[in-house]
Every structure is written in structure tokens, then in C-alpha cells.
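Here the structure is laid out as C-alpha cells; the discussion comes afterwards.
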């Protein structure tokens, strides 16, 4: 497995009060995204564990684009990747920040 | 705005639990934030999942507290590994200890290949857990209608439950179609003939031969309603139960042992047009099945 | 060892065990008393016809209130893989056999599995692993999943799998691996009297399902016991 | 003195030669190959169906079994190169030259044979072009067609899959060529007459129905959340603002997802009756829920679809049906309808370049064009106005006074930024160009030209190319929806924000689309079984699509 860490300055803080959100599953072409709160409202930390080695640049681009576009400040995000395409990763990340804004189920 | 019916087949483990239990009543044990992952998948450079493919916890159904477990059929085909299995074993032991019913949403291909020995023993531990809980008066209700079906050791665990609720999509068997085909040839079992696979292993056939108790639409609300009803039945597992099951299973061989296709069995049950069964909508089928089917009732 | 040799060594005082093709039924005598004997032998697969015959025997024993132990001799293939068995619901038959063994145990009959040959997959679960205590003879070769199938699914060559198997007992077939994950309580000494070893085993009381604890102690299954206990503790509150 | 009836005389010769192996018009099935060798001449121009869906498969087999020493160097003109036999005859030398439109399942082999010089290529056409040439310079001397049944006079019933047959017969029969039909059975009375018997010279009773491929069935179970997201964006960002009522959909999963979102997402947006009411479209099973929910007023079909026959017959208010009740399709008319009477074409493609050209050619596959370029092109001959057409025209050309301004058809490419096998949708150079270089073609096989393309939809956003005022803006608009492909990562972020402000690029968040709604629960049917149930059991899916 390749483990990647990102800690990115976030222009917008996450909303909502929920402590945790989980979207997606680890399956071929899919991934799970676990979103938790951190103490730094202006940072977003992302940790990725992936079996597809050698895509650091792509993950960097996806992660930076995500933090720039979505309200991701104050979040700590852990990803288990089953070889998802960038479009699926982007969608799951977007779903994760939306989910943590929602009231508890 | 979305499709009003929520498909059980399509739903993930967490969505199934959310649909089953009363709102805001669920508390997960060893949730994903604990990251209690499989210690073995890294040997194969395979990705892990934070809940190891099973969600266990307690909640309430219609106000009554229950333990709930749901397998995630999309993660490694819902296969049972060490951690996955231990979560369910622990839940069943707790059920026995505090005399609380258990609902298990199955979705599994059986033992996880990469940790086969641990998974195999886990299945044995879970079966013991189910049976001991049931002998102590606990109901263990199994729900089957997921994409991975209920295969291998999963099928054996299901066979220990007090009530099984299935949808058409729910397949229950030991050996999977591809494995039979690989080992015995395509003449014995054509795994790509999907309608044959469902006819042989699917929810309708299992309902008709008494392998499952309640047939429901592929709808999370239908599963919930049937679960509530199953939790209202008297719990029992004793010598009489197994004597009745022995008689029931012997009778099945006597009655249908020569049949070569599910449709032969359905014909023997007295159904005029067995080939119409696969296309029948759930409600029509359930009514027809009530008239003709074999049932397990207390013989399970 | 052959079933006959095993039975002779187990019951020097005599036994009345008869074979029905690959199945065994009967009883043997120890100094401590009667032992019911059933067996699934000849490396044969277990299908619905075998399972239903075995469960009938177990339930018959259960209905006798003698609290005598049941010894289950096991040397099977996997479950029978066929269209007919699956069509008729093999999962129910195997589960029913396991339930019968568990009921017998709850009714006061110790259930001892004696694995002396092979066993695999669903057949292993429904027979040997459904017994309260599982022991094995040297040379037994339990196999949840064979390496060639595993190589096919994991797309790893067999030598690579064999190499990985040196580091962990968790996936590869074989008696030692099953012992280390806690599946087998004892491996008997084929050179000593089996009768003595069985008598000694029966004299030791059994306390619950200790397979996970055992597996943890041998570093074969490091997490199962802890995870199950934690859930029992949290949920049992 | 010139003879003015040589073509008819030659046809008479062919009829006489073929008559040896036939009883009146009925060919002796045991002597099919002898018959074909008798009526054909080396170098003949031959049309075989060879359609997009249905196949004159028994006649194709017969052609392939002929002796190349007797019949060779045929010039095949056919819309679909689909069966292996269609190419076997080039391997054996029976045929030499090929003019065609579509080669779906044979796309890899046809590429190999073109590279290897086994086929002398005339041209790859769109359907309408090839049909047009049947009447100008590619009129067949012999046509081999397929029908459901015939009567003793040679009248033909072509059933729901009529497709190309009337066009082929019209050109061949009135152009003094010979028409040979393969039928499933010969009956006393036909359900309806699709082709009059005096245009048909010989009939082969094949004893079984012709082969037909379920080409337009997309299993909802395979639809991804990304596809659902792009479909939502298309509805909210294109169908709604332009008010698209008359349209054609391509065959991808993205457009099938749009069909399945109409009764759910479309309903929520209050668009029923305002969009998607009139179609030039094959009977897609995924359109069933929208039809049943009352969204659709009328559909004209190019062909039929396997399993849809009973459903179509039960919905004559929606579909074109004959006096027998079954569907009547017609590829030439429906293509014309798609070209001239639709305001939008939306379809998937495999490659889009930086100027907006798109192609389904990949390195080793030549799939042909089929009909997509007919739908996916602005009809320069169009003169009737409609709201979407005028609006698109105004966006493209705000300065010309309205009475003199051409409208524009909306031509939309939709897809995910990465396709199958992680292949990027956006490329620097189309594989079609490489192919043209390799085969020394005058034209690169471009499916939809950049100047016809008005919008590109991906999960990243919608690029409105009508609003771009120069090539640079156009390139950045394309890069802006190209996601994390190499092309997408080369975008200029400042420029992108400017384009976004001008709504040349609209992101899902700009359209107010919640990513949590990109969920399969949004689909009106999530399986083939759901489609069957939605049809009230009238849709009977082929077994390969069943899992029950």
C-alpha cells in the first residue's frame, strides 16, 4: 500500500456539528472517505491509503482542488482507496463534506 | 423526489441499518473511527476498510431494543475475515448474555480467502454464538437480499437463524456458481446463465422449498416490517425443533430428490406454470407461494 | 492411520462401529464409559445425503439421556459441489448437522471431533468445527482454501503464496496453521494410546468457546479474542 | 444505336439464371450458394443488410460460402459491417471494395484488415450519406435484405425492425437491380405489407428469424454516481434553460441516466411537459419510466429493440405502428428527423480534442460513424424556428440582427473525464488523425466536428462553447471541464474563473446540485427488472440481461 499525507490551507471552514461522516466503500474503482473534525479550522488534513502506487501528483491535484472548492477547513479526512478514478474521488470528497454538515441520522 | 422505494439490494450496510431501526436509535460498537482494520490484507497489498466490512451495534425496532449487524457486500464481497467475524461473534455472545434479539443483514460470499483460516474458525464461532443465543431464548433474524447473496459459511450461519427473510435477489447457497462450474464443469452448472442461477439459489426458490420463511419486495421498508413481525414470534430452539427440522429436510429429499431443475420442484409443489414464477412481481408471488410452498415454521 | 486402526487404538476394550459407505455409526467403550461414535471418512464430500444421515444419528444420540460423549471421526473433502445439492438447499443440511452437534453438547454430551485426514470449507465447518473440542492426528490436512485456487483469485504465483505463508498461519492450508489460529485444541501423539489421550481429554472440563483465546496465545489470530470481548463488554452492559 | 435498357436486361439475365435454383420467387434453401453464384457477377456492387441492428445473416453466410474463383472483387455497400461473414468475404477475395457506415462489433478486425490492405476502402459514411449515395453513385446491382415474413407474391413484412430495408429496396429495385430477401417464414397473409412484392425478385425461407442485436439496452444496474451527476447537470444546465422538447439521445450510460432521471429529478424541477416530449430515438428500455410517467408525447424510431415489441405495440399513441399494431421503424426517415426536426443531440464519445472535435476511433478500432454525425451536426438547411434553436443561435452570434441570424442546433458531448480503462476523454491529438495518417485518408474520421459542438458536459461542469469568442477561450473552456486529465490539469485557473463568471463554465455547485443527490436512489429504475415491472410486464428483456 502507498500512504500519502496532505495538509492543505483551507479557505473555507466546514459547517455542521456532526463529529464524523463516512461515505463510499472500498471496492474496485471505489473508495471510502472518513471525515472527522480537527482543531485547525483553516487546515484540511488528508491521509490516503491506496493500492495503486505512483499517483501522488494526481492525488495532490485532486486534494488541492477539493480543498479550494469545498468547505473543508477543520477536517481530518482518511481515505481507503480501491483504485478509484479521480472523478469518483472528487465526488466522494464532496459527498463527505456535505454529509458532515447534515444533522445526525 | 427520488424513487420512493429504497432498494435493499442497492443499499449499503449502513443504509440498511438506518432503514431497519427507529430513527436516531442506533449506536455502533467499534465504529469506523476506531479503524479496527484487518491485520492480514496488507500481506497481499490489498486495501482495508475501517469497519472491516461489517457494522454491528444496538438500536430499537418499533421501540424494542435489538442488536443489529450488517455486512457490506461490496467490500471484498462481504467476506468474513478475523475482525469482521469477531465483531459478529461478540455481538451474539452479548445477545445471549443480556437476552436481546439479534438481526443480521447478510451480504457475503463466505470466508475471506486472504485470511481463510481465521475466517473459517470465525464462521464456526458465529454459528455456535447463534445457536447458544437461540437456546437461551434469543431470536436471531437473518435478512438476505444483497448483491453478494449469502454464500459459503454465510449460508451455514443463515441456516442457524430462527427466521430468514429474503427478497428475490437474495441467493442462499454454500458453493458459489463459478466455483461449481470451475470444479465440475459448465454442464453441471452454467454460472453465466443468470436466470438459472437465480432459479436455483434465489429468494423465490428458497421460499418455495422452505429454505426461507418470509418473502419480501426488494424494499428496505418491507424488510423492516417483516423483521418486526419476525421479532414478535415465539423464540425456540430445542430437541423438538431439530427433530422437526430433521423430518422436514428428510421429506424434502424424498419429495424433490429426483428433480433436476427448480421448475420441476415448483411443478411438484402443484404450481401450474412454474416458468412464470421468475417474472412474477413480489406481491403476486408471495400470495402464490403461501398456497403452495413448503414451510419451516418451527422446524428451523 | 485408517479408521479401523484408530478405532482399535481408541477402544481396546472393544467397539461396535459399522460403516455405511463413507459414514460410520456406533459406539466404543472406554474405562470411563461409553462413547458414541460417528464418522465421515474416505475423503468423501459431504452432500445433503451424508449430512442428513449424520444429523439423524446425532439427534438420536441426543434423545438418549446418557450424557455420554460423541466422538466424530473426520476425513472428508469439501462440501459436495453439485447442482442437485444446492438446488435442495445444502446450506440448511450442513447448518442442521452443526446445530444437532451443538444441541447434543448443550444436552450434556461432550462432542469431540477427531480430524485424522482431510476436510475443507463447508464440510469442515459442519463437522469437525461444530464439535466442542477438535483434536487432530499428525498428518491431518485441513484446508479451507487450496493454494492453487488461492493463486487464481489473488493472481499471485504459488511460490509467492508459500513464501507469505511462512510469516502468517492465517491463510495457508495445513494442520500447523489451523492449530496456530486456534482451530485445533490438541494434536495427539499417534505413537501413544489414543484411548489414554481421549480419556485424558474427557477428564478435562471444557469452558466455553476458547478458540479465539487459544489463537491469540499462539499469535495466529491476534485480534479476534480482543474484538469479541470488547463488544461483549460494551454491548453486554 | 444506343441500348437504353441494358440494366433491366442484365436484371432479367440474373432472374433467369437464379430461376434455375428457385421455384418462382422461392429460392431452394439447399442451393442457396449455387443460386447466389448464378445471380452475381464478379465486380458487382452489392448491398447486404448489414444494418445497425438486424442482419440478413443466412444470406451473409451464403455469400461467404461462394467460390471466390467464380465470384470475386465484389464492391460491398452496406450500412453495418457487423457479422464475421461481412469481413470473411474480403479475406477470401469474394469482395474487394467497401463503402460502409458502422462497424461496431467488427471494429478491431476491420482496422486490421484495412491496415493489411485486405479491404479497399471507398469511404466511411454517416447513414444518411450512404443512403443518399445509394441513389446517386452507389446504387446496388444486387441487394440482400432481411424481413420477418413473405407471402407467395414476395410481399414482405419487415416488422418492428424495418430499419434500412425500404431505402435499400427503393434504390436497388427502381435502379434496375435485383432484390433478394431472407425471411423467417412464408405465410398466406402478411400482418402488413412493408415492401410490395413487385420490388422483390427472390425470397429465401430461412426457417428462422433473422439475427438482431439488442444494441440499445443499457442496464441501470451498471450506472455510476458520476454518470448520475453528469445527467443531473445536463437536465438542470441544458434541458431546462433551453427548454429542449425535440431531441435525440446517443446510446451511452450518461444519456440513459438522463432518461431515468426525468420522472424523479426532472419532476422535482417541474419540467414535465416542458422538456423531452418529442424524440427521434430507438425504443430505449430506459425510456419506459418516463413514458409511463407521462413525459413523452411521441417517438419515431430508427429500428426496434429486442424485447420491446409488445410494449411498443401497447403504446401506439407514442410510437409509430402499423395496422397490425407493431412498430414501424425507418432509419432514413428517423435520421432525417434527427437532423432537421430535433433541437438537440446529446451523446457520449471516446475522445475530445482541445478545439472540440470528437471521435470514437481509438488506436486499433474503427467503429465507423453510424448516425451520430447526422444528429450531431447543425442542419444548415434548416429554416423553421424553435425556442432552443433561436436561443443557441443568439448565444453564438449576438451581433447579427435576429431576422437574419441562423439558429443553432444544440450538439452536446457528455461523458466522464476518464472512460473505460482510465482512458482520458480529453486528448491533445485525436487517434482519428493518427489513423488517417496511417491509412493515407483524405479526411480524419471525426464523429462530431468542433464547429458543430455547442456544449461539453462532464462531472466537472458544463462548457458552453457557443459563448466562447475566440480559440483561446474555447480551449480554456474545454480544459475547464477536463478534470484531472493531463488536458484538465493544464488549465489556467484565473481564466477559468473569468469563464465561470460569464457562465461559459458552470460547475455542479454553480448549478445548485448537491453531490449527495448523485445517488442511485435517484434513478427511476435501478435494474432491468425494474424496467420490466415499470412496463407492466410488457418489456421482455433478453436472457443475458436477466438476473432473476
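Each chain carries a letter (A, B, C and D) given by its place in the written order, and its residues are counted from 1.
Heads up, the rule we're going with is that a residue touches a chain if its C-beta (ideal position, glycine included) is under 8 Å from a C-beta of that chain, and two chains touch if they have at least 3 such contacts.
Here the structure is a predicted model, which means the values were calculated and not measured.
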Determine, using the mean of C-alpha atoms as each chain's centre, which chain is farthest from subunit C. D
Argmin over chains of |mean CA - global mean CA| returns B
When I count C-beta pairs in contact, which pair ends up with more: B-C or A-B? B-C
Averaging over Cα atoms per chain, report the distance between subunit A and subunit C in Å. 46
Distance between the CA centroids of subunit B and subunit C (whole Å) is 24
Centroid from C-alpha atoms only, then distance subunit A to subunit B, rounded to Å. What do you get? 33
Between subunit A and subunit D, the Cα-mean centres are separated in Å by 41
Looking at which chains touch, is this a line, ring, star, complete or other? other
Residues of subunit A touching subunit B in the complex: 1, 20, 22, 25-27, 30, 32, 34, 36, 49-51, 78, 80-82, 104-105
Quick one: which bits of subunit D touch subunit B in the complex? Just the residue numbers, please. 264-265, 267-268, 517, 519-524, 526-527, 532-533, 537, 543-544, 546-548
Inside the complex, what are the residues of subunit B that reach subunit C? 29-30, 36, 39-40, 43-44, 56, 58, 67, 82-83, 85-87, 89-91, 93-95, 97-98, 111, 113-125, 127-129, 131-132, 135, 150, 152-153, 155-160, 172-175, 179-180, 183-184, 188-189, 200-201, 205-206, 209, 211, 237-239, 242-243, 245-246, 249-250, 252-253, 256-257, 259-262, 265
Taking the complex as given, what residues does subunit D use to touch subunit A? 224-226, 229, 416-418, 422, 458-460, 483-484, 489, 507, 509, 514-516, 518
Could you pull out which subunit A residues touch subunit D in their complex? 58, 61-62, 65, 69, 85-88, 90-91, 94-95, 98-99, 102
